[in-house]
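Next up: the structures, one after another.
First chain A sits with chain B, and in the next complex the same chain sits with chain C.
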Partner chain A sequence: MVVFLIRRLLAGILLVILVASATYIMLNFTGSDVARNIVGETATPEQAMAKAAELGLDRPIGVRYFDWLGTTFTGNLGKSWFNSVPVSTTLLTALPVTLSIILGALILSAMVSVVLGSIAAVRAGWLDKSIQVGAVLADSIPGFLVALILAMVVAVNLGWLPATGFVPFQRSVVEWLRSITLPSIALAFGATAATTQQLRGSMLDVLRLDFVRTLRSRGLSDRRVIFKHVLRNAAPPALTVLSLQFIGLVGGAVIVEKVFGLRGIGSIATSAAVQGDAPVVLGVVIVMVVIVVAVNLIADLAYGWLNPKVRAE
Partner chain B sequence: MTIPPIDGIVAAPAGGNIARKRHVAVQVLQDPVAICSLAILLILILVSVLAPFLTDQDPLKSSLAQTLAPMGQEHLLGADGVGRDVVARLLYGGQTSLAAALVAVGVAFAVGLPAGLLGGYYRGRADAILAWASNFMMAVPAIIVLLVVMAAVSQSTYVAMVVLGLIVSPSVYRLVRASVVSVREELFVDAARVSGLSDARIIRRHILPVVQAPSIIQAAQIFGVSIGIQAGIAFLGLGSPNEASWGAMLNDAFANIYVAPLLLLWPGLIICLTTASLALLANSLRDILGGSRKRTQRHLERKRDAESSSAREASTPAPADYAPVAEDVLLVVENLKVNYPVDGGRRTVVDGVSLTVSRGQVLGLVGESGSGKSQTAFSLLGLLPPEARVSAERLHFDGVELNSLGRGAMNRLRGKRIAYVPQEPMSNLDPAFSIGSQLAEPLRQHLKISAKEARTRLLGLLERVGINDPARVYDSYPHQVSGGMAQRVLIAGAISCDPDLLIADEPTTALDVTVQAEILDLIRSLQAERNMGVILVTHDFGVVADLCDRVAVMHTGKIVEAAEVRDLFANPQDPYTRMLLSSTLEGATPRPPLNRKPGVPNSTRPNPALPNRAQTA
Partner chain C sequence: MKRKLILAGALALALSVSACGGGGTAAAGKTGGTLNLAVSQALKSWDLAEAGNGQDQEYYQPVFDSLFRLDSKGAPTANLATSWEYDKALTTLTLKLRTDVKFTDGTPLDAEAVKANLMHTKAGKGEAAALVKAISDVQAPDSSTVVVKLSTPTPSLLRSLGNVAGMIASPKSLANPQSPVGSGPYTLDISSTTAGTEYVYAVNPNYWNKDAFPFDKVDIKTISDRTALTNALLSGQLDGSSVAADRIDAVKAGGLKTDTVSPGVVEGLYIWDRKGTIVPALADARVRQALNYAFDTASIVKIAKKGLGTPTSQHFTSDSGAFVPGLDQTYKYDPAKAKALLAEAGYANGFDVVMPDISSLFPEMQAAMVEQLGNIGIRVKLDKIPFDQFMPSILAGKYAMSYFKTGGTDPWITIQLIVAKQGTWNPLHFEDPHANDLIAQISRSTGDEQTKAYQELNTYLVKQAWNAPWDVVKDTYASSKKVEVTMNPFYNAPPLYNFKPAAN
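This part shows the complex of A and B:
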């Protein structure tokens, strides 16, 4: 298992390098003239060339690539082409915002889907039916529409929670919670629905297995059998779905941040992508991939813990 | 070109099986939810395609004078922030959204489905490469990639959707691969392979049916996600300005959220309507494809509810209206009936069975498969699938009427005083827990002892059932032990609380012949040592002769003959018994034709297996 994890970790690092490199190459093959964009349409070609030289854009792509790779490895993500702020500074201020709402959404979906999924699997009739239909509908509605609705109803009309802005955790825990509640709920919607459906389905599958009857034959209560044994056996596929959903959460954060006016990684990515600010875009991509790799590692660990056969391999 | 999202998915897995496809189509047309969803989607498609005929407004023509124009004659739903007609934008926007989503789903499945089949079925290097590629593509959130691509390469929605299809194809790949891997290890796939079926045929016959249901769910999700993401990037302000789209409408409406909140409603509503219809349609399809399982499950739950309500009523001790029975009698069953719901009625599988087991007595319950012997055993344990309906005049265990026991009381009895040894050892251990922990759990619950104490006891028991290295087995997981070992573990688990009655359901059928004898020896010696009553369900007269004191022969839900073992072998009365015996025993006289109607006992003996040892004495 340890060897397995180390291998996964190394694979993750390699993945970060590959994804970042692919992004770098794509950004530098695009043909859009960054120097021209920065200096403006009215500048002379000489001014544009000078800007390009200043940014090192006049060198061959191979040289630029290895130069970039080298500096990036030292942890230096470079400076924004447009406002010269170090990329790491921008990312560090934005990261807490995005991480707060993503983790909030993840915890929310995990908890709610275990509760709803188990109830739906075990209970018959209207409760199961409504959870199923509810999950299908919740899953089908794009997260940012939920965000818009929540922003309109809860924040603007009812005024219960702030419609925009983020309060850092260090300043006030309560205000922090209030500021991430709506974005997290909006983000969690789809992930919860998908995980609930998966969990219900896999619990129904496990409930039919022989060992469930044998466990009951030993006098274990239904509750014990369901919440300990059935849930544990049904968890791996649900976990897979949840870890798949996580990447969606990272992407969803981009739009949710716009709706709630949050200055997170997502809104930075949007503006940098529109401007063609390659260092910032690259920084964002690297950070996002690192987060995804980390979450996948955690999911692998949990998967092994849940499934002894995987652990033994 | 592109695969139509729903039809494509259904057709692909059912590949070539026209009868099945038609069947599904018929069922879809009988499901109101599916019909409504289909209708809504069809209307949306029609309305989008026919947009030029339905409105003469230009969805792209802005007009300062018409900015935020109210609903009215000229603009049915008003005009947006730059004076464009909302109805026209909704209609033309539909074209963009639906086509974009089609592209994404098509690309995702064109890439993901073959990759998943390939990787899951052949494993090895192809799988490793695909897994790597899939991780690579999945590591970056779609929106980020789309932002980069749209900012750098092209503002075209369709380019973005092709990229999106590629980005989400790993989710198809992963799902398909996981399904394939799970069936690939199944015995029937091995059997198909051994019997020489080609890989293509195995994939079509055994693998694709498993893949199709999750694929449908996934296709619906991707379709919805694509519509959502397309709207999302347009909402962020990306995408061609020369394209009406629902997302662009939301972007405009969001800018005017305080002035004209209604503008948010129309595109929001139509996106929800589309994605919800799709999801509901896929859900109905899933129900239809996996229908039978779901139906049983519903019965199961309803019954469980009923059970719990009856448990509440019956928490008081059993009524004492039973006739006193002899001192050593452990179990008295009278007129036990079990039936199951079938189409339009109920089918009786156990029909008036009566039997008695005394302490220290081994009763064989013999019959062909389908004779109701296992059903009888499970109904004694209260472990029938919950859609079963059980009734009995008496179901008497050591002075307690099992029929009237609540769930809690039954749980206290089960495992402690009545124990069960299953037929198939490997599937009867929970694969997620170590053998020790799942044996210790009921032990600790019944005997209220510490984990350490339970371990000590169980190690002793494991040794007693013939396991050489009990500590290792205790810490092992079920997949790490052999079938014979697992059966010993299950027997140890069954006897761990010193039960009075052991119900063993064909405990040796799934084992090797050599192991069978050992397990039978074990059961016999444990039975003698602990003076347990045993009900041994079997179809094997050899086992009966080896182990049983009395035997009851079952046929079509009834006991046709019950006798002391020696008597039965020496002088079988019922023609069915004779037939069974002659078909098992070597050197028997050629069997006479069976002319008795099945299910009608014509035994001269008293039917139930009452303890009349005197008869043989």
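This part shows the complex of A and C:
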């Protein structure tokens, strides 16, 4: 297990370096005149050139790359070229927003898909068909449309939840929950549909296995057979889908953050990329890759917990 | 299972009960409650030397007091400065200050503080700094007297000092303005503020004019997305915000009040290359006049702008002394006349021109512009650049002409922007000796003589077809029924002291 963990961690570090390096190189080919953008519209060409020199943009790309790599390895993500705010500060403000809505979406998605997937697999018949049709429909509706409808109906017309804004957890737990509910539901919509389908399929496979018949013949209740044995065996494939969904949710969060006026990682990344604020873009990329690696690792560990066979392998 | 359902039900109930108590908008009565506003652009910097003169002012107004206030006609009225006087040459301005004002860090707001601020702002690179560049020196003969020396008469100076350029921060904070320290009616509540997202301001208990600001708290959110902003207004999260033209019907249907204001900005086809360096045809005034005849400005305003604009042929608005009513009839839509003028100038087959693509922000404007120029034989090739490169490219002198909008309620500011040789929006530094003479005449004169010179310059610019203006832009401000707002065209958004809780 320890060897497995070390191997995954090393692979994760390599992935972070590769993705961040590729991003660094791509950022140099955007054609955007960053120094001019920073010094503003009224500055002279000399001021723009001085700014470029100050940022080190007048040096060859290879020198800049290794310089950046060295600094980043010491844990220093640098400062924004535009507002001089440390990238770590920006990320610490934006990460809770995005992680809150993604975590909320994942929890919602897991809960709802377990209920719907189990019902569809066990009950079959019209209920199963309805859930399947509903899942296909939910999967095909774009997340931004769900977000717009939720904001209009639940926030604007009914006034039940806020239409915009994020309240930090530490300021008020109830207000935090209220502020992430609609964005999380909007994000969870598509993810739930896919996970429900996956869970239904794998539960049907497990239900056909001999050990289920054996358990039933021993007189175990249906509920115990399904929730304790079938669900546990059917969970790993659904968990894989859910962990893959996480990566998709990071992308989906960009649109949802816009609709609900949230300043999360998505909006930070978009505005930094448009401006050409390389330190912020690279900071976001590094943090997101680290999170994705961590989520995959957690998913792998969860397989082991769910299925001892995997642990042995 | 039943227990879980009860728990889920209780949670939902708690959320909706909390929803009823949330929102915290302004309440009538002795305490004004919280004033919730939104701004679409993020704050650039707390450093007044780097300050923009547009939306930045909304973030600054709660914490920084200005030397003057501007009334609805743009005339300066007393604020931190109680009286002011120019010398005969109009190059020395003497201000008398209030003597009972302190910054929130305890430092007195005196002549030395004003001197430090004006010199600091002037040295900066922001838009506000550009308006006070003519200040050559500031003296503080005693603690309540400030003498401002100008290198050249600057008719717009008093108005500029009634806005961001005249805002005063604690001298101790000027060197490292990480958070604002001012003497204004509120202070920034750092613990409740999330930079870039939400700025919360608490009452400054020692403010000298507390009665003018009835709200207990001001909350300014940064919401750049139009949909999110509209939803926040409609759901009652906000008491006021500027709204885009395509959202006006929605906010009106939601029961919000809307007011329009014209901040003196004129949009249209701006001709940067009057020298003819890039497109030789543009050096000929007849060609530029043809461009003016090419546009059906009434239809552009009606269709593309949903009526939010006033068609015009000049750069000065009707509330400015430089405005000449008859000039708006100079170029009535007449493509045939435009073609005839082009032929007369030797361009019967038109000419080619490259312009920056603005479809990401102003698709309707671009469509109208390209089509109507095409109708008179001018073939436009659109250069697809990222929008963040739009203004830098124009400033770098890359384009001969493009869609643009700029201007100000003060005619002197407009002249400095688009006519002066070093004007920000005269990127190819075109110079016209007659226009320069008239500018010099304006700066030396006052009263009727100055108005006459302004109007003469305006007439000259229109006849020379300096640009091809379409309309004077109208901005819309939406506000909830919980507040009363008075518009003022001399500010980007209604100034904070123009917000009051509604009477009932």
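Keep in mind that, in the parts below, the second predicted complex is superposed on the first by the 305 of 313 C-alpha atoms of A that agree within 3 Å, B and C clash if a C-alpha of one lies under 4 Å from a C-alpha of the other, contacts with A are read in each partner's own complex, and residues count from 1 in each chain.
Note that contacts are C-beta pairs under 8 Å (C-beta built on N, C-alpha and C of every residue); 3 or more make two chains touch, one makes a residue touch a chain.
All values reported here derive from a predicted model rather than from experimental measurement.
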item: Combined model on chain A: chain C and chain B, fit or clash; value: clash
item: Which superposed partner A:Arg64 touches (first chain B, second chain C, both, neither); value: neither
item: First (chain B), second (chain C), both or neither touched by A:Ile247; value: first
item: Partner chain(s) touched by A:Val274 [first = chain B, second = chain C, both, neither]; value: both
item: Of chain B and chain C, the chain that contacts the larger number of chain A residues; value: B
item: Chain B versus chain C as contact partner of A:Leu27, first or second or both or neither; value: first
item: Contacts of A:Thr181 with chain B and chain C, given as first, second, both or neither; value: second
item: Touched partner set for A:Lys258, first chain B, second chain C, both or neither; value: both
item: Which of chain B and chain C A:Val156 touches, first, second, both or neither; value: both
item: First, second, both or neither for A:Leu148, with chain B first and chain C second; value: both
item: Superposition clash, chain B versus chain C, among 4-12, 22-30, 40-48 or 58-66; value: 58-66
item: Intersection of chain A interface sets (partners chain B, chain C); value: 32, 148, 152, 156, 258-259, 274-276
item: Contact set on chain B toward chain A in their complex; value: 132, 135-136, 138-144, 147-153, 171, 174, 178, 217, 220-221, 224-225, 227-229, 231-232, 235-238, 250, 254, 257-258, 261, 264, 268, 271-272, 275-276, 278-280, 283, 293-294, 297-298, 300-302, 304-305, 378, 381, 383, 407-408, 411-416, 419-420, 422, 424, 427-434, 438, 441-442, 445-446, 477, 479-480, 490, 493-494
item: Of all residues in chain C, those that touch chain A in their complex; value: 14-16, 18-19, 22, 44-45, 125-127, 130, 192, 194-198, 221-223, 225, 227-229, 231-232, 234-237, 254, 386, 388-389, 391-392, 395-396, 424
item: Residues of chain A that touch chain C when the two form their complex; value: 31-33, 36-37, 39-43, 45, 47, 83, 85, 90, 93, 148, 151-152, 155-156, 159-166, 168, 171, 174-175, 177-178, 181, 258-261, 263, 274-276
item: Contact set on chain A toward chain B in their complex; value: 11, 15-16, 18-19, 23, 26-27, 30, 32, 122-125, 128, 132-133, 136-137, 139-145, 148-149, 152, 156, 194, 197, 204, 207-211, 213-222, 224, 229, 232-233, 237, 240, 244, 247-248, 250-252, 254-255, 258-259, 266, 269-270, 273-276, 281, 284-285, 288-289, 292-293, 296, 306-309, 312
